[in-house]
Structures are given as structure tokens and as C-alpha cells.
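In what follows, a structure is listed as C-alpha cells, so that the remarks can point back to it.
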Amino acid sequence: MPVQGIRAVTNARNGVGAFILQCKRLDFHYCDWAGSSRGMVAFLKNTLPSFAKANPQIEIRVSPRPHKHPVIKGHYINGREKAVCVRNLEPEQIFQKANLLKEASGEKLKRTKKPITSINESVRGIWSPYHGDVKTV
Amino acid sequence: MTMKRLQLQRWSSSVLSPRARTGGRLQQHLYYNLRRQSTISPALQAENEPLFEEQSLDTPTHVPQSSHFKYLLPSPPVEAARESAKLAALHARLYLPSRLPLETLARSLVDASADSNPNFNNEALASLGHDLLSHYTSEHLVCTYPRLPLTVIFAATYAYVGPKTLSAMAKEWGVEMAAVPGGEVDPGLLQFKRVLPGTDVNAEPVTGTERPNEHRKSWRKSMSSRVVYDNEFGDPVRASGDSAAPESQNTQGVTAEHASATFVRAVMGAIYLHAGRPAAKRFFEQHFLSRHLNMSDLFNFSQPARDLSRLCARENFEPPVAKIISETGRKSRHPVFVVGIFSGQDKLGEGAGASLLEARSRAAVAALKGWYLYSPLNVRVPSAMEEEGAAPWKPVHVDLGEVIV
Amino acid sequence: MRPSLRLLNLEVSSLQGSRTLYVCSVCRQEARPRPLVARQFLRNASNATPITERVRRKIWGTDNPPGLKDPYGGEGVLERKFKKDQPARQGEESENLDQATEEAQAESEADLAAAEAYEPATSWEGLPRVGHLGRWSDLPPSETDGYESFMLKKKVTKKGQLSLAAHQAAVEISLMHTLNMPLTKVCDVVEHDKSVFKMLWKCKIQPGANGQWSQAVVYPSKEAEKALVYIFEQIGGHPEPALAEETAEGAEEAVEESKWEDLVSEVNDKNIPFFGYADVRDKGFLSLPLDDPATKFAFLKRFSQLSGHYLPDPVIHSLATVGQAVEYVHSALNPKPKKLADYLANSQGLNNLPNVKVFAKKQMPMDRDEELGRKKVIEAELRSRGLIE
């Protein structure tokens, strides 16, 4: 057989065809009694319906957690979790935190040094010393 | 080529129509009688009703909704699909058409190993989706790369819609798996019966194929016979009439990879059935074709120089000649030779290597890849003709394929 | 090295006499001999001389220090005052006694003599009783002691019964309007007889175009109208309940038995409000206006008497119809849910969204197990090992 095929797996390019939001689930925990949950309760009452409607691709779970500070917990497609404690925050601040979790990729935060990362080959190619005009010393 | 003729209409009707259950224990039988599948369209149900006495016997009584009852079901009840937030989120995350109901999405998440009832598992949807996927992939590959060798087409098809890719996609879609299938499980989870830990899934080779003289292990399998007898990935498959395979799967369970791949195929089939062909095609382009595959990495040449000379002979080119373009450090520890392969005045390929032979074979590989990876501009696939008001079909160029040595 | 050395010093094996290989630090602390301070306290507790005395002895250096025995107080202010008062009062008494005859002196003599022959009692028998016999709580209740509340004893909570109260009040006020009687007189009879109530219940109210109360009542029959007019003339003039009841009994025979009677449970128990009637027959009274302040006051007075609910002044001001009054009391009875889960479960905005799930209880690992289908396997394993039932 002159040529064999090598089995491979295609790589996902999220956003090239379809975009899959990386945040798949948000858990909202609150306490009915404690004062640190006051903003959270107001958020759940007033802001959550519009937030959930704007993000139908996120599964949203609301459950009480008595005698604890209010927490938003994000679950991501890469299997990681991110939790933000929102004690004593105002509903607007909690909305910002929820947005933060929604837009996160789930990866650990790291500094990006290169402006662009790509899996495509460079168009220009790698410089070769053996091609082009030969420079003589 | 690998494009097999599809009779989608016939298969889709088999998916939609209720099928009488075969076998099963009496207790299960009673429960199944009470279960209803929402995917069945009422018209079809009425049409098929006289055929199956099971359907006509049970009167529409209320289904008991106790938690105890749920534990007896092999997969979540149809009504639970509306309650599951996970399922709705998955529906929205994949931008599935609104005509595809949540109940069908829930059904596509139930593997045959979890629920053996074909009215409630994704087997039929998956077989439809599998054929659609391989159809779209193979026509895309053949039209885009008309000179690809057959083995590379097999590999590329495997890379686009093979089980590994499909399970990776299911993971990237955020589909979680249930630990054990059952009626109380969230319908947004992938349900399948897992194989026991330590089981070797590839222990025994596939038997029961349609290939004659199957037991002769030492006989060579020609490329042409693989097109006829094997599947679109070049793997041996069981004959369609052989029913031993599903039985063993139902008892032993399936791997997570297999279940995930079946789910993705079932989603494809469900989109085709509920939203139609254009939506299915759009889904394929957005989720499958958009993935990155470096086609030139799929080649594995054993004797590229020989292949190239055969190719030149076949195509009536002048015989290829390897020439050194430049070199450095011939006597040093790290010499570099840049060799080009020329056919007459035309340079077919060029390669650099640490030895002359290596550089020559690299150059031959580059020349062969340059030939095989030819891709015409403005590719149109045959399925583009299915749309209304499509431009008249112009035949695409499909080459002879690889050289025969 | 230091902590381990310290621990070695506190080794208790010698104390316990047993050769334990390892003793935890808590036990070691427990087994240590009591510190000196604690022993001193113990000894002080059993000692007779108080600490102040011992301090004084220490300061003076002798066992009999000079000065007060108790240098830290002695007699308190109250004590001193009490002591001062005692002889003064005795003096007063003696002055009074001076004006009395000498019998008293003789008596005191006798007392002194008796004191010599004093014999302490061993039981209460024969001892004179000290204290007031005829206190007010021991007196029989007088006429003025009785209290009858203005309102019903039990508050009405169901919506149907609230409507019944409002309907009855509306019919009565309308009747008084028709008879040109003082409106608030209806409150004199807290609870009518059952037959009278039934007639009132059968009356319908059709509010006119200009919202007149006087022409609003539609009577079920002529006899009922006559009876009701007679009763309320009596109530308006001078309260005479006995007569009213007699006439009502006469009228009851005239009233034909309607199908509504089947709904009414025949309970003679007086505790059941509105004789077991559950709801009103027509809803016409709800749109009666409360424009006239006198009518409004009379209606609300009667309504609160029948229903047992007060209406605050700001609310009274905003009420425009009878229906609003009923609605207000009903909403005050059923306040909004306090728990957020209840609120979210009822909120329309979240219920319509398929991707939102609201849990009323804290989610435990067990819930996750059930969701993943793992719970039944775990339970089966535990059961097979006999760890759970």
C-alpha cells in the first residue's frame, strides 16, 4: 500500500462556526435570614428573571444555604468551578459578578503575552538561510 | 466512493412511528404500556394504530407520578423533559431550532444500553444522524480534495465524524453523564450503562461481517474490498441483519465514548427530522466542518520516491529527478541539504534534511502532498442542489486517486 | 525540642501507676495535681473566719486586731433607717394607747404574763387567721363586671365568610337607609337568630346607577320583606331581640326551602360563624359605593364587628367600594411569603423560563447523587450489607 492514512481528531475552534458559551451552569445561593444576603435576595427577586432570559444557555439553579454568606458559583465546560462570595453587595454589584462568571472561560486567570494565539500556520513561513540571495562575506 | 446511497425518507418514518416492543419482562411490559413518546406525530400514530394491538389496548389513563414509579423506569419519563433546566440550557447552547422539542433532545440523550425500548432510546435517531454525517462529510472531502487517496479519506472522515471527535464534541457542548441510568435521573444527562472497570473493549475482533472468507486472517484486504465491506472509516462492521451486537451491548454496557458519539449523531438526526434538511446542513457546517483539521498531517508514505515516479509515469510527466538546491556543513556534525525534485523544468517539491536521502524523501513527500492535496476553488457539493432554486449542477472533478504500485 | 520536654515532665504514668504508651495532652492535663490556687479556694470555703477578718489579722499582726469587726460596711443605710423607724412607730402606738383606757396597759401586762407562758405552736390548728377575708376577688361578680366585646370573639379568616360579613352589613345598612333609622343601630345586635340571618342572606343587592343604598336591596319574597322591615324597625327604635326572634320564626315558615339549604350543614353549634354558611349567593354588594361618610362609617363599623378585623384609618380613607374593603381584609390576612423560595416559586418571570430551577431546600450531596442516578446504587449496596433498612 503506497500511502496510509493517519487517524486524527479535529480541533474545536469555538466561535468559528458556532459559539458555545463556556459557562454552563450558575448556582445562586442565599440565606433567608442573614443580612449579608439582602442584596442577593433583591437580585434574585428583581434582576434574575431578565438575566436568565438573556442567557438561556446557562442552567441557573437557585437554592438556599442557611447561615452562610451568599455565593454565586459558576460551572464551566472544562470542568472547573468559580465561586464568588457576594456578601453585603448591592444587586447591581451582584449583577456585575454574575456577568463576570458568565463571561469567564473557566480557565485559571493568566497573563496573555501574545496578542494572538492561533493553530493555523504562519502565512509568511519560517525564514530559511538556504533560500533567496546567497550573501557572501 | 464512500458515499452510500441514502434513503432518508424510509428511515425517518421508522424513527417516527411507534414500534411494538419485542420481548421484555412482564412487569416492564406493563410500565412501558403506560409510557408515551411525544416524538410520535399524532397522524402517524393513528395510521399505525390498527397494526399494533399494544397501542390500541391501553387507554389513556393518568400516569402515576410518584418517585417510586420513577425508580422503576429505565430512563426518565417524557414529561420530565420540560422540568429539566439542564436540558433547556443545552438546547439553547447548541442553538437548536425551536421546532426541535425538548422531549426529543431528552430522547437523544438516552442510549440503547440504558433503555432497550426503541421508542424511548436514541438508536433510530443516531443511525439516521450517522448516515447524514458521513454523507455530508464524504461529499465535502471528495469535492474539496478530489485527488485524496482512499486511506486518507477514511482517516479524514474519521477525523471529522469519528467516535473520538464526536465524544470530544459532546464534552465541548457541556453534556454531562449520568452515573447510572434511571427514571429519576435528570433528563439533561447522558444516560448509558457503563462497562465494568477493567473490561477490554477491543479484546475480540469484530466478527459477523459481510466480507467473504472472514475467518482467513492472513488474507490481504484490498482497498477496493474495504470500500464495499467496511464502514466509512475503513473499519469492519457487523452485517445489518446480525442482532448479536445490540444484545451484548445491552448486557455489558457501552463506553462513554460510544455513548457520547451516539448522542451527537442522534442530535443530528433529530434536527433533520424536526427542522428539515437546511437546518441539519447548517448544523453540520457550524459544528463539524468548522473544526480544524490539518489534512497534510494525515499522510503516511512508506516509499515516497517510488510513489512519485509511478505517479509521474501515470500522469505522463517527465520522470522525477532529485537535485541539490543548497547545502551546508556537509562534513560537519549537522549538515543540511535542501533537495528539490524536478520533472523536466518544473520543481515538484522541495525538502530539507540532515542527509541526502532524507532530504530527497522529504522532497518526494512534499511533491506527493502537493499533488494529492489539490483543491479546486469554489467547491460545490452535490447536496447544495437540494435547496430550492439552486443553480444547475456542474460536474465536479474527481481524480483517479492514489497511484497503484 | 521544648514542647516535647515539657510534655515529658507532665507524664502521668507514675501517677496512674499504669504503663500507658501514649496519653493525650488533655488527659495529661486532667491527671495533673490540682494547682495551688484551687486548693486555697477549697480550704477557704470550709473555713469559718471570713477573708476580711483574715486580712485584718494579717495587717495588724495579731489575732485580735483593733477596730471594727467588719471594716467594709457595717450597717447599711436602709438598715439604719429601719432601726430608727421602729422605735418611732412604737412611740406613736403608745401615744394612741395613752388616750385609751388603762385596759390596754392591763392587757400589756397580761401579754407580758402570757409571754412568760408562751408555747410555740406545732400545727396550724387553732391559730388565728391573718389577712383580709373579703377581698374583691372573693366577692361575687356584680352586674357591671360582665364584659361583652363589641366584635365577634373569633376572627373570620376565610374569604367566603368575609364576603358573608360584608354582605350582611350591606343589607342591614341598606335596610336602615330604607327605614330612615340611625344607621349604627344595627351594631346593637351582634349576632342575629339563624332564621333572620337566612333571610338576610337571601336578600340580593343590586346597586343603582347613582349608588343609592336605600333602593339596593332585593328581597326574596314579600313575607321576608315584611319580617325584615319589622325586625329592623324594632332594632332602630328600641332593641327588643325577643320580639324579633318570634316574628322571625313566623317568617321562616313562609320562606320556601331553596336548593341553597342543602349546602348549609345543619349544625346548631354556636361557635361556627354565620351558621355554617360558606359563601354569599350574589356578588352585587361588592360594587356598592362608600361615598357617604356616614354610610361608610356605619358599614365599616358593622363589618368590623362581624368579621373581627379592624381597619386602620389611612386604609378607610382610601376605600371606595364594599369590594375594596373585603379585598383589603383578605390581603391583610394573607401576607406575601416571607421565604424567597416561595416568592420565586410564585413569580411569573422565573416560572416561564425553562433554564431556571428554584429549590426550596438546601441542596445536599444526596440530591446530587439522586440526580446522577447514583443514589439507588448506593442504597442497594448499603442494604445488601445490612447497614440501612
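The chains carry the letters A, B and C, assigned in the order they are written, with residues numbered from 1 in each.
Heads up, the rule we're going with is that a contact is a pair of C-beta atoms (placed from the backbone, for glycine too) under 8 Å apart; a residue touches a chain by one contact, two chains touch by 3 or more.
The structure displayed is predicted, hence computed values, not measured ones.
When C-beta pairs in contact are tallied for each pair of chains, A-B comes out on top. Among the other chains, C has the CA centre that is most remote from the centre of chain B.
Core chain by CA centroid proximity to the global CA centroid: A. Averaged Cα coordinates give chain B a centre that lies 74 Å from the centre of chain C.
Separation between the centroids of chain A and chain B, computed from CA atoms only, is 29 Å.
Each chain gets a centre from the mean of its Cα atoms; for chain A and chain C, those two points are 56 Å apart. Counting partner chains per residue, chain C shows two or more touched chains at residues 354-357. Counting only residues that touch two or more partner chains, chain B has 85, 88-89, 92. Among the residues of chain A, those in touch with two or more other chains are 56-61.
Of all residues in chain B, those touching chain C in their complex are 71, 82, 85, 87-89, 92, 102, 178-182, 184-186, 189, 191. Touching chain B in their complex are the following residues of chain C: 354-357, 370-377. Taken in their complex, chain C has these residues touching chain A: 338-341, 343-344, 347, 349-350, 353-363.
On the side of chain B, the complex with chain A involves touching residues 85-86, 88-89, 92-95, 149, 151-156, 158-160, 162, 164-165, 168-169, 171-174, 188, 223, 234, 285-294, 297-303, 306-307, 310, 325-328, 336, 338, 352, 368, 372, 402-405.
Taken together, the chain A residues at the contact with chain C in this complex read 30, 32, 41, 44-45, 48-50, 52-53, 55-66.
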